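Sending over a structure as structure tokens; questions will come in a sec.
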């Protein structure tokens, strides 16, 4: 079995310095654990002008990394598709949303389309299926729920942040790992036609207050979130307290109404 | 400034009863004529004129751009009763705005409702209609703002099949916009459709008007802005949900092409096991603090409530609960819907850990504890006494 | 010379041969270690001073043990040497000479009794049993035997039957002692002497702090220590020098908190692992508290750390690098160096860090700050204060290094107090602001030498751009890194801690202070200031100037106890029974003080985290500011009176 992990040129969320994308390191961890348990070939792939700190992925359990050198304005898709087709990988792992480009998370899907592979999103765990040529994928759903999928290989899988934490960085591992540089394909990115300007965070709407609510209601909703401001019972008998709690919990739907 | 100035002397003179030897005043009498020549304003009448009819909330249009003639004469009967929003029909839509809500289990999430709000925004700007593309059996789509409803021919977990169906609908129905929630499922679907159709996806729109949408790109350092494209996925809490009018939610028929089975051979939903799920992912956390001494009862309560166990730092330090259960800045920061704190006063570090929780229930003996202040339901009582009472009540209800 | 005396001399000779052979066998094992630069001649020349001054300075902290050791070791060595010298006919025939020999053996016998009295009937927990428990018997037998033989010789053979009994006793005891030389307590004698000669930190004996960790060559084929053979040979000698007195375990904060670390056991595990097919079975001291199970096997080329080896990783990560064990060790063993060397292999080669320790190192790599916070936010605590920036001034008399504490709400208050004081005293100072990176202390203690070296080089490059005469910092960890550890990378600075600097200002009259009304205060020494840098007087002097009633805790000064905040222990978070700061706060409460004065952001964070009724925690700078603000009022009161 051959596994590839796609790595993108991320940036640290605070410092803005080049850094690996955390969820892609988690993908490396998933792949490295799979290799240790079930045996497989593992390679990292990056298409971009510069490998930079992506070399550090070699210290997180990746044995080798192939860097496809493309221009800064090139679309990585053709280079990656060609390399993946040539490598005949059975399993391709990618992060949920790659960084460095538009950050739209579209690349794995476009890649799957280009390679004619099925794609499964948000994996939190991987295991080989019972019949050869299949893979068990545990898909992370919101609020801790999971979906167990059995998929036919080859497949492209994106990894969810709920996957096990990335392996800690080992400096000597990064030193030992093999970095191979290959020329990528020139493919100038089509213009998005979108206006770009420095990002400015926008205030989030308060979900509780619908468009029809009055200003006073919206203000109430906004302050309620911060200060609770709910009901207060002082020294009720335990039975009454229990009734109140259970009714409240049932009201918000965390325990079943009976 | 249109209000006349009061002239108290003149008013007094007007109230004087004529003919008496002593000056007598009839204070109840109002002067017949205004003392100044300027006309008096009647603010109530003006408001009545500015009132926009047909909205749930009182809306005033002071610009009078709509033209006074267009507005029917003000009459109280025209405003609909708040419990019965007006039904709005769009029989001949200029174009179609489609959306694909997650609707897990047929229930719209708040994010889905915001998606409807966005779709209405785009549709109402030019007389378009909103088409909801849903799995079978989604509730109250009419109130949410759907003019048309198209049921997708998908069973089980088959995102690729769903995407193929959507792609076919996108091309055949000539949808102007197709909107997705930027959630786990909706985001996945949006990208699948984008890859299938070759359309660009405007992923994670953070603001949306009929003229422009914006999103963050390049590691949240730049903002992209443009006219709304065909495929948009909407970030949560970016647009307010639709409210006010009721829509038809007319079922529409469409001949979807037949799809073949995808690569997914089997799918099995595993509900989150509250006892095993990690605190960071848990939905409902019940936590013990210093006010809890009987941990057997606490564990029984956790099992009975189906909650994920948490604990304060003090309890973890004392070794009564594992370190992994610690809630707070130095433990785990929760993303739970509900936090139930038993005997926790609420140190600042602990409150940081529950800052994102929507509902907090607190039981504590101290009325002035920070946790009591934070809670949506606060009970000043001994947690040790409330726990067995809760267990008894749950057992009673189960047997009843 | 009696025949028994002759036999005794021959016995001593035999013992010497046996001991020599065993010692040579043990010393051969040391050759498995890596080469190290050792100045043998200097070491040998300095041996008497190192032994008589430095070792006895430590041993002398326990007067009973000091007397015991002087009598037992002195008597044993003197008696044996003199008895051997009795082979020289001129001496052997002098009866007076044998009197002296008898006297020496009598001293050894007294020492042997003292050893026994300490261990019997109940052995204190810190002392090891096993071979160590037999030591007083062997010692007493040999000394008593030697005494009887020598006494008989001094009396010209008048006590001949006793002499025979004595000879038998001496033979049993003597050979027993000699056989203990490679595995038993007597090993400390020759390994200890060799350790003093070839000590890896010779500067320790010159009165210098010598506490900086040695830089690691990042191009070396193997980073850190995986097997005993990866240690330099003089470190291996050091492990063998351990006499298992257990002083380290009573000083160790992790041991007290019930975390799985016992410095004595750790050194014994390291010493045991030198031999091929080693096991840890012979150890008879107190175990690691809440020990995690390990296989307990090793060898010179077998891994030391892991569940299948000698030492569990949790043991390694429990250490707060407070150096209390090093401070207490009479054999001058460097425990912390060994722990950091082992950690370096775990971190750099294996990436086997505790789960919660990995994220801070990751943030340090890409954001230069363990919390991943923006560097520009470091000065946020000073909102409302004018904080001169180095980038704007270019030069200043004093460069204020803010450190990691600046991000914390609690320590921000301390820094505000310090900055207010500097402004009141008219000090020309500036901060680096967003140019200040983490000093790398956390990375280095967690074994991530690569990140430390990068941060050190980057910080040195930043500092090189500005002109200043001194660096002032309130963080002893940053102080230690900047003052002692950056030197190896070409950054030599005069670094002063805020306690010393404020003391200077107050002494020079630049900060008029009033009395704080005799509040009772106790000072908690930060490890990285007191033990690592020997600064224990300035903070106390300063507190005394404030008119405070200063009380001392059970452990203070260089022998102070750690707060539990160093060495990355808070991020490693190894489970124990208690928390170290709770123990330390208990000691502070016991003095009856109302305030615990601290001088370190870690200490303040750890001690503030203690819940329940306890003394207040206040940084020295906050106390000085209170005194300065009280000053005008006090002065006015004086003039009125």
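Letters A, B and C mark the chains in the order given here, with residues in each chain numbered from 1 onward.
Here is the rule we use: a contact is a pair of C-beta atoms (placed from the backbone, for glycine too) under 8 Å apart; a residue touches a chain by one contact, two chains touch by 3 or more.
Quantities reported herein were computed from a predicted structural model and do not represent experimental measurements.
Central chain assignment: A. Criterion: smallest distance from chain C-alpha mean to the mean of all protein C-alpha atoms. The chain with its Cα centroid farthest from the Cα centroid of subunit A is C.
In whole angstrom, the spacing between the mean C-alpha positions of subunit A and subunit C is 46.
Between subunit A and subunit B, the centres computed from C-alpha atoms are 26 Å apart.
Subunit B and subunit C have Cα centroids lying 60 Å from one another.
Chain contacts: subunit A has residues 13 touching two or more partner chains. Residue positions of subunit C in touch with at least two other chains are not found.
In subunit B, no residue touches at least two other chains. On subunit C, the positions that touch subunit B within their shared complex are 573, 575, 577, 579, 582, 611. Of all residues in subunit A, those touching subunit B in their complex are 10-11, 13, 16, 99-106, 108-110, 112-113, 118-122, 134, 140-152, 155, 160, 162, 192-200, 202, 204-207, 209-214, 225, 227-236, 238-239, 241-246, 248-249, 252, 254-255, 258.
Taken together, the subunit C residues at the contact with subunit A in this complex read 218, 222-223, 347-353, 355, 357-358, 361-362, 365-369, 372-375, 448-450.
Across the complex, subunit B meets subunit C through its residues 314, 317, 319, 323. Residue ranges on subunit B touching subunit A, taken from their complex, read 56-57, 110, 114, 117, 157, 159-160, 183-184, 187-188, 191-192, 194-196, 200-204, 206-207, 214, 216-226, 236-244, 262-272, 274, 277-278, 281-284, 305-307, 337-338, 340, 358-361, 363, 367, 372-381, 385-386, 388-390, 392-394, 397-398, 400.
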